[in-house]
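Both complexes below contain chain A, partnered by chain B and then by chain C.
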Partner chain A sequence: MKSIQELEEIRNRMRDQMATREKSGGYRIVVGMATCGIAAGARPVMRALIEELQKRNRNDVPVTMTGCIGVCRLEPIVEVIAADGSKTTYVKMDENKARRVVAEHIINGNVCVDLTIGAAEKQAKSKE
Partner chain B sequence: MQELSLHILDLVRNSIAAGATKVIISIYQKGNFLYISISDNGKGMDKDTLRSVESPFMTSRNTRKVGLGIPLFKAAAEQSGGTFEIESAENVGTRVTGSFGIDSIDRQPLGELYETVTALIISDPDINYELRLESTKDAYRMDTKEVKDVLGEVHITEPEVMEWIREHIKEGIRTVFGGVLNEVNSGIGRNQE
Partner chain C sequence: MHFYRAHVLCCAGTGCTSSKSLDIISNFEKYIKENQLENEVKVIKTGCFGLCAEGPIVVVYPEGTMYVRVSPADVKEIVEEHLVKGRAVQRLLAGHDKTAEVSQSLDNIEFFTRQKRIALRNCGVINPECIDEYIARDGYSALAKVLTQMTPQQVIDEVTASNLRGRGGAGFPTGRKWQFAANSKGDIKYVCCNADEGDPGAFMDRSILEGDPHSVIEAMTIAGYAIGANHGLIYIRAEYPIAVQRLKIAIQQANEYGLLGENILGTGFSFDLQIRLGAGAFVCGEETALMTSIEGKRGEPRVRPPFPAVKGLFGKPTVLNNVETYANIPVIILKGAEWFNTIGTERSKGTKVFAVGGNIVNTGLVEIAMGTTLREIVYDIGGGIPNGKKFKAAQTGGPSGGCIPAEHLDTPIEYDTLTKLGSMMGSGGLIVLDEDNCMVDIAKFFLEFTVDESCGKCPPCRIGTKRMLELLEKITSGDGEDGDIEKLEELAKSISKSALCGLGQTAPNPVLSTLRYFRHEYEAHVYDKKCPAGVCKAMLHYHIIADKCIGCGLCARKCPTSAISGDKKQPHVIDQSKCIKCGVCMESCKFAAIYRG
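Let's turn to the complex of A and B:
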């Protein structure tokens, strides 16, 4: 069984590292996690975001859940909010797209335009 | 919803929306039934709200006038031959309980409970979550308040801590529900990991 002793060892290790940790590019990520989002697959999307951030040592970027954003047909929805408050809304997300958003948007600062709600709406219109 | 753990995630999100600071997720076996019970110390509901909560046309949200979380959970319980119950008291809290026929072909698998719990912790680390598992074989308990007490100034969302919690829950599920629920994705039957 995973023991409390192991947890204490982790604590002691982390305590030493805490001071050296780098802080924040100012982004935060919000995942729509109401019934609609969960049913559409938001939990594995959130997991992929967190894993990808960890892989790149960017644990300073908080990933949180929110309720229904109001466009359930486009779930799972992920919002990336920059330090200045500007928001990019990514729709119909999956694990691969989530990893791409971390690499391209969070790490390199380039919005994945083709995954945004704007692109999805444009595509829907051209089909009409 | 494809697994019971996703319903649990949805129901705990309701607790958080109700201002809960402590949520108890209890999963236990009684005879041929698996019970899932979520209780919180949120703001609770008055009698009228409580009566309407099983209706898909009830929600506390403003973006849309349809709420499906509780009706979906109730339907999942009933389709497996189980029952659903909700109790609530204003300013005290709410408890939602569903029972699921363990051997029913229409019972959804428990699924990746450890993913549900770790996602909840990462999103709202200040809320205390207690997980209780119990079967005729064994019992398991984890309280994030106690984990935080051990960690001191180290934050619970540190990746190594989250990994410890994930594995801790997997082992708990294996000891308590291995041989009781036969599932692949719930962490049972992965002894060689």
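Let's turn to the complex of A and C:
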């Protein structure tokens, strides 16, 4: 290493990688990964979330897993929790929807209303 | 660059390694691969978390879930439940065996929340064998700052202003030490690190070197710049193999990155660092003996002055600091002396790491702000005393320190208050004693240690401590006579005044402080031939209470020396000449008919 710039480069690069171990101040993503979620395809959804976050250098957003939320029929379920604790629940997710959530919600701050649990329930009711 | 959604941190300090944490790590790697999670989950070997009593410890991020007492066989379940399905394995969570609520995250465990971690800032957070992780946590930024923005004198001024005092025991102001060495004229100067941790029960220096070796390397380089030295030596005991190994790796990495060696960061400053292994003699932790040992001679202290800052290693001006002292330096440089002064008390700034052991629930390493009371350490962080026993005293400062009794539990811990109480900060060993500990026996234990470890150079220590030990042995075997306590006191005082080095001068402290607070226990031994705590076997007698004994004969059958006799259904008796005082009879009696006295 010849210079302080190089030291700083290493620091910034590694900081991103270690962000998982720090407390995050912003969004947090939780994926339902019980048997029901996994069977419905939660794993590819999670991989897509991680890939998309990585592509956009948002390693400060932790992706964690949780158990069964109880509405197994709507799995895979992804929840986005904001810094203030407010929660958005996305249901019947797939890889493309996951990428959309990262782009629209995490990056731009716009909730993908059509993917939320509310929209899905409304749709179900109108079908009846 | 790859992003992992979860990091599994596994403690690889000496404590957890001895409970198979390396097998745990390899099992994690195996099962993570089996479940095809290797691109999602990263396994990291890290340093000591401090909660050694509950080791081996595994922490899973981002949740910060802390698993305790993990065995290699538990790993499959953690991978399949937690990493695949996202469900924490309840039975392994910290606190699962207690009635209190189970904590999922180490951020909520009182053991951690009460601590203030500066010297241990990276222990259990980074991989000590990866310089990049240290750099990510602002590692080597202090060095960069010092080399580019500060003059050597400014560095010394900053350290002086921080009021940092030596963490090895005596508490000498670090900045002043550096100033003396900087003022000394010499073509060659040295920076040394004392990693010869010798107090029984103390292991904070080992844990820092195992968990965060780069912090010491960075600080020594800063010290080199400040005093004008280009050579550094770390004196570490060979019985710390993991610490030695990690230091070697760290020095090599720092050299490869150009953070050690010639022309560091292109600033023209050069500093090389080497390791010297000690054979583990207690006396080599004394600064002059340490340097004599590095020089290749027999590790014996010499008279001061001249102090090392004037005439130290190979006769050259030398700065010698302890591991924990160095670990504080980079943070002080980065955050400033003013910040450091906000932590601690009037005369003791910053934090101190204690190795807490003895009769306490959470055996381990804790770092607390100076001024924290002993009660907080023992009860809030340490979890109190097991089996509902009563706190009797805390021993601090190892063989050079003394005991602090229950009435001083609320004393804030700092250099000066501990000295006033007849103990000392020492390197930070803290042994908790409960009602079952005999204070005369404790004093004897430390004296035995000093007698073993006395280098023999000066008669007060070589002969005096031996005479003191003989007196203690006499007292604990029930042969104490009137005048023995006074003789002990007289010897102790003259050794304190006349021994050559700090170790000899402080060797009588365990006796003096126990005499100060527990003189009645000594007197009970000498005059009543009784050991109130029931430890000194020679004074113990087991008796059967005739009224309570129903003559079942159970004790007689259990007695290994057939010392108990009696007719069926008649009260039994113990033959004192045959009794070896093992206590089996008392444990086996269902009618509480046997007492010890």
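To be clear about the criterion, the second predicted complex is superposed on the first by the 103 of 128 C-alpha atoms of A that agree within 3 Å, B and C clash if a C-alpha of one lies under 4 Å from a C-alpha of the other, contacts with A are read in each partner's own complex, and residues count from 1 in each chain.
In the analysis below, a residue touches a chain if its C-beta (ideal position, glycine included) is under 8 Å from a C-beta of that chain, and two chains touch if they have at least 3 such contacts.
Being a predicted model, the structure only gives us computed values, none of them experimental.
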| item | value |
| --- | --- |
| Partner chain(s) touched by A:Asn110 [first = chain B, second = chain C, both, neither] | neither |
| Chain B versus chain C as contact partner of A:Asn96, first or second or both or neither | neither |
| Partner chain(s) touched by A:Ile69 [first = chain B, second = chain C, both, neither] | first |
| Which of chain B and chain C A:Ala39 touches, first, second, both or neither | first |
| Touched partner set for A:Gln54, first chain B, second chain C, both or neither | both |
| First (chain B), second (chain C), both or neither touched by A:Gln123 | neither |
| First, second, both or neither for A:Asp16, with chain B first and chain C second | second |
| Chain B/chain C common contact set on chain A | 1-2, 4, 7, 10-11, 13-15, 18, 31, 33-35, 38, 46-47, 50, 54, 59, 63-65, 67 |
| Contact set on chain A toward chain B in their complex | 1-2, 4, 6-8, 10-11, 13-15, 18, 31, 33-36, 38-39, 43-44, 46-47, 50, 54, 59, 63-65, 67-70, 72 |
| Of all residues in chain A, those that touch chain C in their complex | 1-4, 7, 10-11, 13-18, 20-21, 23-24, 28, 31-35, 38, 46-47, 50, 53-54, 59, 62-67 |
| Chain A contact footprint on chain C (complex, rising order) | 1-7, 9, 40, 61-63, 84-87, 107, 125-126, 132-133, 135-141, 144, 148, 257-259, 265-266 |
| Chain B to chain A touching residues, read off their complex | 1, 6, 9-10, 13, 17, 61, 63-64, 67-69, 72, 112, 115-116, 119-120, 122-124, 147, 150-154, 157-161, 164, 167-168, 171, 175 |
